[in-house]
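Next, two complexes with chain A in common: one pairs it with chain B, the other with chain C.
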Partner chain A sequence: MSGIPPRLLGVLGLLLAFLLVAPAVLGKYGLSVLILVLYFAYVGQAWNIMMGFAGQLSLGHALYAGLGGYVAAGLFFHYGLGPWAGVFAAVVAASLAGAIVGYLGFRFSLAGVYFALLTIAFSEFTRLAFDHWSWAGGSGGLFLKVDGSTSLLNLRGGPVLFYYVILALAVGALILSRVLLESRLGRYWLAIREDAEAAQAVGVPVLRCKMIAVVISAALTSLAGVWNAFYYNNLFPETAFSMGRSIEITLAPIIGGLGTLFGPFIGAIVLTGLGEVFTDVGEYLGIPGIKQIFYGLALLAIVMYRPAGVWPWLAGRIGLK
Partner chain B sequence: MTSNIRFTRRSFGRAAAGAALIGAPLPLRFASAQSAPANVKVALILPTSGVQAQIGQACRRGADVANDVLADMKIPVKLDIVNYDTETKPDVARTQAEKAIDGGAHMLVGAFDSGQSIAIAQVAEQRGIPFIVNIAAAPQLTEQGYKFVVRNFPTAPMLITGAFDLHKQIFKASGTTPKTAVMMSINDTFGTSMVAGIKAMFPKLGMPYELVDIITYDPAAKDLSVEVAKAKATKAEMLMPVSRLNDAKLLVQELVKQRWEPMAIMNPGSPGLYEQDFLKTMGKYGDFAISNVPWLDPKSAMTQALEKRHLAKYPNDQLDINGGFTFEALLVAAQAFLDAKSTKADALMDALRKIKIDQHVIIGGPIQFDAKGQNVNIKASAIQNLKRKPTVVMPEESAAAKLVFPAPGWNDPRRT
Partner chain C sequence: MSGARLEVEGLGKTFRGLRAVHDVTFAVPAGAIHALIGPNGAGKTTIFNMIAGVHAPSAGAVRLDGRQISGLRPDRVCDAGVGRTFQIVRPFKGLSVLENVTVGALHRQPRLAEARAAALDILSRLGLADRRDQVAESLTLPDRKKLEVARALATEPKLLLLDEVMAGLRPTEVDVMVGFLRDLNESTGLTILLIEHVMRAVMALAAEVVVVSYGEKIAQGTPAEITRNRAVLDVYLGEEEVA
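Moving on to the complex of A and B:
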């Protein structure tokens, strides 16, 4: 872990220790909130590789999560294939989808909002296809059998099991992101993000690097989809591939700090925390939907006053830079 | 390394404001929960914001008057109903269920939608807290072997079978049977499920008419002229729409514009045609359309009490099945508490399994749950829009008005 300030390492160690014992010290509600934090931190980290590092805006990342979830859950439901085996098929399916989207976009020089539109289009027509695909349950949804047993092998069990799985995924994604960012590929990504034409001019293989970013991001996101499918035990195309789901994936890294390692974590904590606080405010006031107004205003304030995200500012304030 | 931490008066002010913002709701919520002396605490988990907000709020209105209706009916229970919002998201539904149980809820009620209800069901099962489903039609909800879940709402196959059975009753009662029908369906989750279900079940139902075509359209459609023209060209005698609210309006507007007067506009179990906004917007053209759905029994004293209380509290909102089924779910909770004489989860669940409520609000037999937790006594009813009001016309024992079939033409003087 060269290059990380010792103080930051200490804080990370303490945080990890807390996260490891959290199920024992938090109530069930607290644990369910922490699960949401880790889930959004993880998917945010996966999205951050593509947008934050390589500068490619995807607004259709629900495609990869949905595909991952459907493939693993479908194999489990129809053939009894456990999720640890199904996850490989899920990763392959999502990576392939990512490669198709990426190739179409990058090969034909779609950039910025045009590339984002392409990602939305793929997510939308995949949703429509799944609406009519009876193997995946169609629009009526795919339901996994809930039997009350606990089995890590089949990802069956209570919130504590899923908590540790998502914690492992989140920590793994953080380490992978750090390794990638410090690698030659990571440097290439940053160069492409800043100026793709200049990067190409100095010999960076832009198309290949962008493709790798999309495929890694899609593959990681598909793991979240698998986790999500087995945690909630049901999948509907309307929610699995929804635009709203795609936007949710982007929020944590944007609020936390785009292109930073800890931004998705901080963003997930801020967003989920704010969400819970404003839910309480809404419940107290008894006005349905008031939460969304407060939440929107809070996001607006963060974006206006901390345009680079919360993490860069926070790290400077508490001396963790 | 130098520290950047500076603690100034301004930063203290910011911190204090933040702490107040974060901390304030918790004691306030606690105070709110303490304010009503009640026998049993019920968490009402509904999508009152997000895509399903309108329906979630209609459900909540039924719950808001529940204690008054229970008092009117001399049912000696006061429910401490604590509201939770799912934001129309299964993940939030799950978190809210955990929060409700941590907050001391003895029973959970919700959540209008199958995905959200299943998320809550898993929490209920893991925590051993009874969950009463008010509205959710996915059969899987009561096919998973859950021990703490009961559902007082028909499954999707029950809805379809009940609706087609009513078609036959309507033809028999009126002495008029169409020979052909065309179905027009919205292409969303609900519509696609209905189309798939009807395609599978129709050949086995022995219907007296032929289904000549099924025409689907996009939920975002702003114009249905092509689809209606196509349906008209089939020369079908009856139109069966599977719609939501806005497309139901577009559909009828287009029927009037194209001068197509089918013998009946009769849905096989879907919303849209009976909704308040449809009736207000369509005026006389909305009349005589028939919906075959579960509905409130106008002859039940409890329904009358519910309608009275609902009208007094929400004079601008129509009481519909969303409010009706949510009220009934709370009635089930109240009765379970009375029977169990305890707030312990096992006792409540035991009472729910044995429950039998003869007097309730939705048309059908007594509320009872089978071994899977499903109430199989709910009956579909034919609701015909008469004088801008959805009115029960079938089954005859619950009918509040006489069926008008075939429907009068668009310019018939009976449409006023």
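Moving on to the complex of A and C:
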């Protein structure tokens, strides 16, 4: 971890220490909020590799999370295959889906919004397929048995277990992002993001690099899907592959700072914090839907006044750059 | 680093029926500097793009040291040893000057630290080292032109294609760039083909000049011969005074 300012390393160490003991310190509510933060930080980090680093806009990431969740949950439900084995199948399925979407988009030079439309289309028609696929429960959904047992092996247990799993994923994704960014591949991604034609002129194999980005991003996102499926114990095509799910995945890095390492984490804190506050405000006011309006306005304000994201600004303010 | 011989043979390009380049043949010997000139719209950049792999030629072939490179993807052409700059500069805007050149250097130096060192070396040779941490977007036009050259050189080419790198430079800056390219050519034997409107640079650098007009080659010779060539004077040099 060379090249990181010592002060930042110190802050990160403290933060990690807090996160490690958090379940003992925080109550049930606090822990559930922290779980949300880590979940959004993790999926944001995965999405950020594709958009923030390689500059490829995906608005259909629910596809990978949904596929991951369905594959692992389906294998567990039908064959009793534990998620630690099922996760491999989940990763393979999502990577394959990513490779197909990526190849179609990149090979035929769909860029920007056109590529984004393709990602939405794939997510949408996968949703329709799952609506009618009885193995996966169809539109009625797939439910995992909750028997009250705790088993790390089968990913059965309470919030504390899921908290540590998502914490490990979030930390792992952060480290992976950093390693990738400081590699040739990472630099090639940045070059592609800035100007693909100029990148290709200095020898960057653009198609291959974009493909690697989408596959890594899809694979990581599928892990979140597996986690999600076993945490909530139910899966519906309507939500698992929904547009809302896809948008949700993009928010933390956009708010926190696209293409930055800590943007997704900071964005997840801001978003989840705002969400909780506005839920309380909404309940207090008793006006249905007011939460969403406040939430939307807050996001609008952040994007308007901090277009580069909260983290670059914050890092500058507290001298962690 | 040493130069490679470039051969362009019967090269043609048609865009939806529009004949942009037709039957252009010339060669640049290894280690030589040649210039490609012609009025705007004559097809110079199209010829460059066919050499660099951006366009596949409709006819003819491009060979580097006897090996055919036309039809290859741009990154493969770069692999083969061709570096190019863009007429309208295309820096990686959001990245620092050093990172821009590092991307080029990574082509031959897969390790980031070594690529950075190689990039810094090239930046100092071009007088850009003290701007290394600046975001490329914030550079002035002359510095952006230098950055284009630095990034292309970082890929360690055997043939360097320069597309109007002198345009927009003041005369003194042109002289500096000419001096740099001449030194580079003398010390490494790098083959250089430049598209240039700045005659001062063409006269100072090019051993031979290829003149194109309406997509066809109309003359080739030393700068002195070209300035006396009737056909060239008619279509091109007659319009402006020669330095």
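The rule is short, and it goes like this: the second predicted complex is superposed on the first by the 321 of 321 C-alpha atoms of A that agree within 3 Å, B and C clash if a C-alpha of one lies under 4 Å from a C-alpha of the other, contacts with A are read in each partner's own complex, and residues count from 1 in each chain.
Everything that follows uses one rule, which is that a contact is a pair of C-beta atoms (placed from the backbone, for glycine too) under 8 Å apart; a residue touches a chain by one contact, two chains touch by 3 or more.
Remember, predicted model here, so these are calculated numbers, not experimental data.
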item: First, second, both or neither for A:Arg107, with chain B first and chain C second; value: neither
item: Contacts of A:His78 with chain B and chain C, given as first, second, both or neither; value: neither
item: Partner chain in contact with A:Ala199 - chain B first, chain C second, else both or neither; value: second
item: First, second, both or neither for A:Gly140, with chain B first and chain C second; value: first
item: First (chain B), second (chain C), both or neither touched by A:Arg187; value: second
item: Chain B to chain A touching residues, read off their complex; value: 1-5, 21-22, 24-26, 28-29, 32, 48-49, 53, 56-57, 60, 83-85, 87, 89-91, 94-96, 98-99, 101-102, 114-115, 118-119, 122, 125-127, 138, 140, 144-146, 156, 187-193, 196
item: Chain A to chain C touching residues, read off their complex; value: 182-184, 187-188, 190-191, 193-195, 197-206
item: Complex contacts: residues of chain C adjacent to chain A; value: 52, 54, 73-75, 78-79, 83-84, 86, 90-95, 99, 102-104, 106-107, 110-112, 115, 151-152, 154-155
item: Chain B partner contacts - residues on chain A that touch it in the complex; value: 5, 7, 27-29, 31-33, 36, 39, 131-132, 134, 138-141, 143, 145-148, 158-159, 232-234, 236-239, 273, 277, 279-284, 286, 288-289, 291-292, 316-319
